[in-house]
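Below you'll find a set of structures to go through.
First chain A sits with chain B, and in the next complex the same chain sits with chain C.
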Partner chain A sequence: MSDFALPVPAKRWRVGRLLPYLLSLPSLLVCVGIVIPFVASAIYSLQRYNLAFPTGRAFIGFGNYISFLSDPSFWNTVEVSIIYTAATVGIELLLGLAIAMLLRERTFINNVISVVLMLPLMTAPALASLMWKLMTNPGFGVLSWAVSLIGLSNFKWASDPHTAMLTVVLVDIWVYTPFIMILLLAGLRSLPPAPFEAAQLDGVPGRFVFFRVTLPMLSPFIVTACLFRLLDSIQQFDIIYAMTQGGPGDSLMVFQVGAYLEFFQYTNVGRSAALLMVLWVITYFLSDRFVRQWHKLRERRQGHA
Partner chain B sequence: MREPITRILRGSALALILLFFLFPILWILLMSFQTNADILRIPPRLGFTPTLSNYVALLSGKLATSSGTLDITFLRNLGNSLLLSVASVAASLVLGVPAAYAFARYRFRLGESIAFTLLSFRFAPPLLVLLPLSLYFQILGLTDTYGGLIWVYQLITLPLILWIVRGYFEDASPDIEHAYRVDGHSWWRTFTRIAVPLARPGIAAAGLLAFIFAWNNFVFALVLASADKQPVTVGALAFVTAAGIQYGQIAAAIVLSILPTLALALYAQRWLVEGLSLGAVKG
Partner chain C sequence: MSDKARDLCKARVAGRISRREFGKRITALGIGAAAADGLLQASYTRAMAASFDWMKYKGTTVKLLLNKHPYADAMIADLDAFRALTGMDVKYDIFPEDVYFDKVTAALSSRSSQYDAFMTGAYQTWQYGPAGWLVDMNEYLHDAGKTAPDYDFEDMLPNLRASDSWSGVPGAPLGGTGAKQWAIPWGFELYSISYNRNIFDQLKITPPENLPDLIEKATKITKDAGGPYGVGVRGSRSWATIHPGFLSGYTNYGARDFTVADGKLKSAVDSAESKAFHELWVKMIQEAGPKNWATYTWYQVGQDLGAGASGMIYDADILGYFMNGAGNKEAGHIGYTPIAPNPEAKGPTSNIWIWSLALSNFSNAKDAAWYFIQWATSKQHDMFGARKKDLVDPVRASVWADKVFQDRIAGSYPGYLETYKATAPDAKIYFTPQPLFFNVTTEWAAALQRMVAKEVAVSEGLDQLAATINRELRDAGIG
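Right, the complex of A and B next:
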């Protein structure tokens, strides 16, 4: 990691010092253009600002946030987001870990399966939602027909407030379980073989090995994968918007869908921005935790390489 | 592990898993070759005469419906997806590869914080930026331009390229570059002749992955693009709500829209683990 400019004369040396800044500047400038709207959002969130009533625009401090406290639709958004995030990340972790354990050995067939399982992850989430929408259509959907076979003839999937959450969670699991699976599979296969060979020689039972050796050694990968998914899941928009646009009623009104509709349907810019700022605070803490964890994994990888 | 019962259990578990994850793709593929009458048949039947009429309708842009012919712009959506993804990735490579090199080779003040600021864009709620931008774009005259969209797409593609390529530069030893410099070659020559060729596999992988992510993006274009600039993800949604559309045609549109990314993913599968973890885990 030494500075390259060492053997060159003084004038070049100055250029050498500036070089890294010059190289990263264009990237940064592109992104600064993106920081400006972010600041704008923060300011809007402190204003009474509705596009339909431009003259009523005024600074109201934390008014938008304070009104959230007594607003049942805000608490509904919080509740729906937490349920969605907990259900998707929880199930995806268990399922992803189970699949990774099944595919752990480096055999040809296991490698083929792990590649094929990646296909849902490469499907655009919005299009995945449309695929499931076609399969759960009450008129001809193959899944509607399948559940009617087991006696659930009136199962309406995403169009019933009671089962809408189940439907979108299922789509999320379909798309994102492979993500956790491949990360944990890479983790499992990178573990040193010695502890496992020793355990096998000593006749340690498999369950004991799993909970006392495999899980602890795999935990950095599990934490990284989970934080990654938590960050995406709490912000989920594509799957829910493409499936029901937050409905029926407000049964799937997660943060970003709520903010989108607040902006475009009710033209209430201030409230929409405040909702997004609340979400941003949540993701900020999660991503801070994530970046530290991710850094640890990276250093480890470089240590091994 | 060698007992027959565990092997049977393991095999059936894997079969169930494959069924769950592959069935939707296969089913939609079958649907895209069916006529409306075949699709509406209950219970569904696997025996049907495949038809290409759905694809023909999509590609010719003319749908024959009960209420006359309907013009559709699905090909245009496909073209938009291609244009937006290719241009965004190209711009990100030009901007991101030199920056990745700087972060990998030099310890400079602010360097690490600039790198992490760029990474953090990957995790902020996109609407936080997109909604004010939809207002600003009107003022700046960028509303409904490819340029404006490509610029915003950098939020998706740039962090990915920056962090994956950085890892590849860090893995390559600086000694070769150093020797080349001592030989009297300029910095630029060293960068283009030695550093970039050594990191080429990483650059290719990052580019392919960034393309997949740009192609699959939905919310950016939903907020910022009007009908004639929309990529397939947004276009397909409008398709579903269009009057008189047939289900087989929706299925065919989905198949054509996911085919490119699935094919690329199979091709680039060696690098997927690394890309998806932004360079933190090697596959």
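Right, the complex of A and C next:
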């Protein structure tokens, strides 16, 4: 009997030893799946690699990055991306916070309004861009008609470099303000009522309560909303590409649109990958700063509690 | 089909009787025109099959990548004839032009065997060919075992054959020494004026003869027509803005895109001729173009003409043709006229766009796909598209000479043929072939947008553009 029983513990031992590895295998595969394209992009970004010049492919170290430094179009891309990100996130934050404050009370009407305000967020950004493209058409667009009523009869919206940024920022605000609004509304409604009740009993002015009580308590939610929107905004593609393909001129040439054109139109793999790596560095830096800030705020909040 | 009708069709296919004679005798047999046409088409198919083993790849399926275009619609409508001739099947994916070439690039750059053949323009082959993504069609054209004896490649218009043929050496002429046939011409377009006759009659103006005249008349339309603007041209930040009327006029003013010396290219967009032309073109858009010109593609230019929102367009002749058809508000009101933009030029110098068929180097069924391309660019299919569908700028001389086609166009689209005949002699690709075509033309379109928006003066903008292009050429080692 003992001869037959011996192999069983050995098998159990093998399975038991392998089990942690087997269980972690899916996450390992996901990590590999994420890392492979990233590493490939990093390698391509160090090459002179244009598909239309197969014989010219060569390792050039940081050549692509160095050429960016002296390329005015790269600095234009940096500038446009920063302006777009700052404008969209800043305005969306202010609007989202204002709307959330207005809808703070849990009433039936407020709940209905908050659901209705969520509708733009459910529209695909590319479709929203097409809708706005029609609404801003100088021939028949309802918005063109509306601005003509206040004397702006020749307003060219996305067709004019001076107003193109305003137009795409408006579309972004229309689509994404509800995202910030709903996040901040959830935050506001989760705040403990005691400090607000005490302030009311003491007759503290509303402005003081907002700046000294509401905002500090809401700051982790604000930081979270800002983080998500910043990362999304700096990587903007669909709204701008659908409306203007980065034009007029280079007025809306953000990172993703630039990288897309470099690959799909110019077949320049090396330069496209280098642009995306620069974008990754910016995104990583921003995320890191925000996550650190978020941890600090959370610790402070827990400390106060 | 009676024996007599069959014999008549055979005689017509063999060229023993004229078309008029055939028509007379088949009518005498009591067969109507439509039925006679069907019988004749079937006879052509049988004749093709008799002279060449079209059934060699029977049972094979060929997969195509197509752009949504009336030329593609004409081909799809005739696919049953191909299936009957070869016993092969054809499957296809079809995409609108906005995303079409991105799909092609994605499929070819990933070396996918998903598509065997696809629609392309000549400019794209300047990228795809050197990248090793295309098969050199000379391999097939010069192989009597693979190409039907009656295919007659020489029947295709010479400038079109040359346009799809290039050695891959930047700056080397199209169709020159060592050129590879990267694609086969299938249907094309050239650039002239299509105008709204009602608006011109209402304002008592005649079609423009040159660019200064065009600007004057377009400005009058914008001011006096009560709504429509003067002239529609493309303006999006894309290569497609540069190649139609813009490059045709640019060439007519004696300007060139590059100078080539010792195998190196140098941008010529800052030349005096270029600056003179750009000044006029920018003025034309500012004074008489669409308000949102910077977003205009082929679709918006055409739609405005068809809807009566513009007085004229300087774009593809076939776009004016399509907008004159049923379903458009201005159907039947569109006129056509050739234009030599430079008042001192001898005649028009139209650039051309050629829809061509190319064979993927990654296809697993290259020979079968060549059979498809051979059929789709054959006289028989070209004739079918021209006579019965909207393949109205066919690539074959024999089809242009066809009386049925000519009568059909002359009857329903007056002025179209005359405009074509006046524009065609000097119509060809006027770009210098080089693999950075899309970089250069997209930068060019962006510069044009800045000039029209008055962000930069024309002369200064062109100097900056030349510097940008020259830097890109140097980085690529060709400038």
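General observations
Quick note on the criterion: the second predicted complex is superposed on the first by the 258 of 305 C-alpha atoms of A that agree within 3 Å, B and C clash if a C-alpha of one lies under 4 Å from a C-alpha of the other, contacts with A are read in each partner's own complex, and residues count from 1 in each chain.
Definition applied: contacts are C-beta pairs under 8 Å (C-beta built on N, C-alpha and C of every residue); 3 or more make two chains touch, one makes a residue touch a chain.
This one's a predicted model, so the numbers in the text were calculated from it and none came from an experiment.
Of the two partner chains placed by superposition, only chain B is touched by A:V291; chain C is not. When the shared chain is aligned, chain B comes close enough to touch A:D238, but chain C does not.
Looking at the shared chain after the overlay, A:H162 reaches chain C, while chain B stays out of its contact range.
Judged by the touch definition given at the top, the superposed model places A:R229 against neither chain B nor chain C. In the overlay built on the shared chain, the residue A:K133 is in contact with chain B and with chain C. In the superposition on chain A, the chain among chain B and chain C reaching more residues of chain A is B. Shared contact residues of chain A with chain B and chain C: 133, 137, 139, 263. Residue ranges on chain A touching chain C, taken from their complex, read 50-54, 56, 67, 73, 133, 136-139, 154, 156-162, 243-250, 261, 263-268.
Within the complex, the chain B residues that touch chain A are 10, 13-14, 17-18, 20-22, 24-25, 27-28, 31, 39-44, 94-96, 98-99, 101-103, 105-108, 110-111, 114-121, 123-133, 135-136, 151-152, 154-155, 158, 162, 167, 170-171, 174, 177-178, 181-182, 187, 190, 212, 215-219, 222-223, 232-234, 236-237, 240, 247, 250-251, 254, 257-258, 261-262, 264-266, 269, 272-273, 276-283. Chain contact summary for the complex, chain A toward chain B: residues 1-4, 7, 16-17, 19-21, 23-24, 26-28, 30-31, 33-34, 36-38, 40-41, 44, 98-99, 102-103, 113, 115-128, 130-135, 137, 139-140, 142, 145, 174, 177-179, 182-183, 186-187, 190, 221, 224, 228, 231, 235, 237-238, 241-242, 255-256, 259-260, 263, 269, 272-273, 276-277, 279-280, 283-284, 286-287, 290-291, 294, 297-298, 301-302, 305. Of all the residues in chain C, the ones that touch chain A in their complex are 101-102, 105-106, 109, 126-127, 130-132, 235-239, 290-295, 309, 435-436, 438-439, 442, 445-447, 449-450, 452-453, 455, 468, 475-477.
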